[in-house]
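Both complexes below contain chain A, partnered by chain B and then by chain C.
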Partner chain A sequence: MNDPSTSPKTPCSGNCACSGNSAPPPADEPTGISRRTVVKALGATLGVAAYAKALAPLTELTKETSMDEFIQKHYKELSKEEMAAVIQRLTQEAKDHYGADVTISDPQPVDGVKFGYALNLSICNGCRKCAEACHLENNHDRPSHQSYIRVFEMSKGSMDFEKGNAHYDHPVPQPDKYYMPVQCQQCEHPPCVDVCPVEATWKEKDGVVVVDYNWCIGCRYCEAACPYHARRFNWTKPQIPAEEINPNQSYLSNRIRPQGVMEKCTFCLHRTREGRLPACLEACPTGARVFGNLNDPNSEIRWVLENKRVFVLKEELGLKPQFFYFFDE
Partner chain B sequence: MSDPTPSVSPATSDVPEWRRYLRFLGNAVSQSVEGGWKFYVWMTLLTAIFLVGANAWAIQVRDGMAVTGMSDHVSWALYIANFTFLVGLAAGGVMMVIPAYLYNDKEMHDIVLIGELLAIASVIMAIMFVVCDLGRPDRFWHMMPIVGKFNFPISMLTWDVIVLNGYLLINVHICGYLLYKRYRGQPPVAKMYVPFVFLSIIWAISIHTVTAFLYCGLGGRPFWNTALLAPRFLTSAFVSGPAFIIVAIQIIRRLTHHRFGDGAIRTLVGIIRITILVNLLMVASEVFVEFYTGGSHTGAAKYLYFGLHGHHELVPWIWTAVAFNIIAAIMFMRGRLNELPVWLNTACFLAFAGIWIEKGMGMIIPAFIPSALHEIVEYRPSLTEWKVTAGIWALGFMIYTLLLKITINVYSRNMRDAQGQRTIESKDALAFGEHI
Partner chain C sequence: MSLYLKKHPWLAWLTLVVLVTGFSMAIVWAQKTITPNAPAPVTKMKPAATHPVIIKPGPATPRLDTGLKDKAGNAVTVACSTCHSTTTPNVLRNTAEDLFQAHRGLQYQHGALTCLSCHNASNYDTLHLADGRSVAFPDVMTLCSQCHGTARRDYDHGSHGGMNGHWDLTKGGRIRNNCINCHDPHHPKFPLVQPVLPPRDRISVPKAEGSH
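Our next item is the complex of A and B:
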């Protein structure tokens, strides 16, 4: 093997660090302070100062993030008392950061209830009242006009989203168009849940896919995995004026989200688990939306599923959405 | 190989092994920061770039990811692109081990450590890119098994965490062990590292395969949803890894007295010659399927190569990559590589940059454009993202430089244990591969 110290060609005796370095090997340096050491110490001090300066913005952040929040456990592991403490902290935060008095509940899924949603595309007129109601109900960031619902203007005779447009701004409905609102389809086999590395998102017993906003690490893998573009990320701290904040909140749905975490439609579980209807349905002026318990044979949603020609989006992916579309014949 | 233990242990048993090892680490650190003015300029420059990146990242954590160019439509971008590329580089680095050990190519033995060190530096960078992509890095502990919640085996990301960290450990062990033995002037004991070398080969394939599965397992993203993704990843890793190492070897040759045989470079060139063509072939077959089939699934490929409905952001990128790859392939085919170092280095640079674009920007971003519901929202990296990216690369280069310095110090006997003089003269410890 050609090792430089044994190879006869090597000009170097093997005693110097490398070419271009005239200093003697440091291991042989006598103890005592050489000029080199002083320069190095100076460099190190400057370096430490530079690091501190570079990372200074992080210290500003620690003022906002409390220790309790940092060590908070996963939703499913919180005891009743711990949950109460967390809710108290969140309520206080809403007061401190937003100046709003809110109540945060934690309604549980009702036994035997499985939610389903259906939408009549023959009636929907594209007015986007549902999206607006969602925006207000769920305490979305105001500047970004966020909403869990996107309404597509589609060309008649085609189901191709490529020919759709979610950014129309003309009077509706247009004669040769129909309108397709899309929100979380609460898939039976949600790919967003499978991919989450920390189980920050899961499917509840009543069929709603939820996110623990205090557990999500913000990797956005679930957003990449969702084929319905149903997930939204908090790219900044949400901004909402105090007087516009919806005070009726729950832990897993519309409470004000922290910066840097994922969120999504929850079928307004803070309403629906208490027997009310989702905000988007209440806001719909045409009655295109039908919501209810899929397990109840007398529910309106079951009537739609049994009597209409119903379809789901991207059926070929096999995710079994619990959100259905239909046309009046 | 005769058993080396009797010749060494009696005289050295007075100092416990762990103390020696700690002293070795201490020596390694203190000597690695010694150098000539060129070294200091280089490290200062890298530190400065790194600090700019660290500052940009700190601001991103404070103000939110809105300071990046990403959006709900394009939710993974430059960071994840670099992550993907670096996993490939890490895998490619260790692939040098295959010719060295499987075919017992003696000249490649010199290069093995250079490759393993590259793997260490790249994996660290890859992990840093993922951390920088997190919206809540303060919650990283949620990802740790036991204290957090580890969604294993369902989430591919948890697999990736395991394979990347495992890979890091394996390579740190191999390099650390071999260097330490060499520092002590003892021949390495085969069973202490050879099994790990073979493990690292398999592991190298696994890190890149698992990373490919991160993407191709998503049914909702047709651009990624192809079985060719993992093989394509591996082939391009076989291009970028050797290309980097060739250039690194040339630089080491120039700056130090440490010599590597030409044969090793010839083997690496031989690897690239084939893999660069296979990679081009795979790209071509994917492009063929996309465009010949047509339909709405073609949207992403159309956007990438030609632009879609007046949106062209990625077109210059991808054609640069295509041009670089083709020119590099031609250059590697020509015979002048051995006479003209500039020619060889240029070819390597073109191949490296070409793969960086193709596997990064060209692989991650088009999957989001058009979006799952066919909306087109374009992406352009923000200044913050460029700063953070440059910062991580600078740190990677720092790590690699320091690791190389330690290695060369040990090899050239500048750094050795007091007893190291009594080396086994006949069998140079450098030839650690001979103990298989």
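Our next item is the complex of A and C:
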């Protein structure tokens, strides 16, 4: 799991008493070197060792992380100029680490827009094309088949996706089953945000819950807090061949994530804040997905909410998902 | 009354003129009072949609592949009317297996419909509606909508059918599939497909009985 090149290599456990107390018993008679000198020299050596140890994370940074990244401010604290510098650094990193020329933008929520997503369970056939589109669009790690969407094969009559099977691998749809794709529900009251100890994740004005990958410390509290299993952890440095990297990236969404941080569905904000449809919707061959602005009474999503039998997952938790499911009558 | 009118025929004319003028003024007045109420708020709420929603046209008028190749190696195809103009339709032959010459092996499963429910026996290069009016092939959605009204209603509200492009039409256009892009008209139910990208994470692996 862990990439050996980035795990700490210093043999010192960090618990050693580096104060000089463990010095060998001094000689009685003064020789050429006094007892004090020995102790001093020993202390100095150990002090240097301790200092080096304390600095180890910084020296190791040079391999994978730059000092600039280490001292980078929180997303919300970055000035325009600082953001530009950060983006330039990230672009360079994509070039150095992946050999890819990418463009990283930072699109902001659009005034008056609140995103909503609805999924028609009557017609989803479980083909997982949406999960694949997410995988490609959002520059996910290739070997792990990472995707923000998990499609559950459900027994007809059951509504509890915890009892569903996301690992089916037979032709779909099976006659006695239906299929329930689950991704981040962009909760109105997101518990994942509440538990983050460093405020590396928050809810934006347009309803999208985002992560500052450079602020996230990888504690995975949010993963545990999310009742929809919507968050993903980067166990390894994502592996993506240069020619497969989607160069249209944004800071808060699909730029290539570092190892050891959390990530999640952002409703493709690099697309949707530009007015485009999310990648999973475009890829869906059955037309099961409806996306739009909840604030616009003439939008398709509003028509679905007002005219279909709509429900949300785990409604009893009161998190108010902005992702809805419906059936045709 | 009639006697009076016979005496003064101009009176009848006058009545008529008064009535007609009255009616037209009433209509004009009614329109004036109705129009400002209805569409105005709608245009106010929705900024002008500047980009089009294009529905892909239905298939071009089909041609039958004869299975032959011309000198350049291109498939030789013929228009439907090539054969159908010289043959008399037999309404009793309703499955591909009933036919002798063309269309054998065609997968057909579409309710109780027969070939001539949709295909136009008086011009095979077109289709026809239930009331007999002919429909061009690219206009096939009109035909499907006769029976699939709820699907059409959902389609018209953007909640049926795949699409590409923009949710925000002030920023860009959208291209939408037509019925035939996704449904084979002869076999409209979706076929079984092999799902892509099976997950490899450890969450949500089906739990064995008795474990937790």
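To be clear about the criterion, the second predicted complex is superposed on the first by the 265 of 329 C-alpha atoms of A that agree within 3 Å, B and C clash if a C-alpha of one lies under 4 Å from a C-alpha of the other, contacts with A are read in each partner's own complex, and residues count from 1 in each chain.
Please note the rule applied: contacts are C-beta pairs under 8 Å (C-beta built on N, C-alpha and C of every residue); 3 or more make two chains touch, one makes a residue touch a chain.
What you see is a predicted model; the values in this text were computed from it and never measured.
When the shared chain is aligned, chain B comes close enough to touch A:H74, but chain C does not. Within the superposed three-chain model, A:A200 lies in touch with chain B and out of touch with chain C [touch as defined at top]. By the touch criterion defined above, A:A166 lies against chain B and chain C together after alignment on the C-alpha atoms of chain A. Residue contacts after overlaying the shared chain place A:C184 against neither chain B nor chain C.
Of the two partner chains placed by the overlay, only chain C lies in contact with A:E329; chain B stays clear of it. Which of chain B and chain C touches more residues of chain A: that partner is B.
In the superposed model, A:H229 makes contact with both chain B and chain C. In the superposition on chain A, A:L277 makes contact with chain C only, while chain B stays out of contact range. In the superposed model, A:V304 lies in contact with chain C only, and not with chain B.
Look at A:R150: by the touch rule set out above, it reaches both chain B and chain C. Annotation: chain A residues 150, 152, 164, 166, 229, 232 touch chain B in one complex and chain C in the other. By the touch rule above, chain C contacts chain A in their complex via residues 42, 45-46, 150, 154, 157-168, 170-172, 174, 177, 182, 190, 192-201, 203-206. For chain B in complex with chain A, the touching residues are 27, 30-31, 34-39, 47, 51-52, 54-55, 58-59, 61-66, 70-73, 75-76, 106, 109-110, 130, 133-140, 142-143, 148-151, 154-158, 161, 214, 218-221, 255-259, 261, 296, 299, 367-368, 370-375, 408-409, 411-415, 428, 430-431. Contact residues on chain A toward chain C in their complex (touch as defined above): 113, 118, 120, 123, 125-129, 131-132, 135, 143-147, 150-152, 164-173, 229, 232, 272, 274-277, 281-282, 284-287, 290-293, 296-300, 303-304, 307-308, 328-329. Those residues of chain A that touch chain B in the complex are listed here as 1-7, 9-12, 14-23, 25-27, 47, 50-51, 53-58, 60-61, 65, 70, 74, 150, 152, 160-162, 164, 166, 182, 191, 194-200, 215-221, 223-229, 231-237, 258-262, 314, 317-319.
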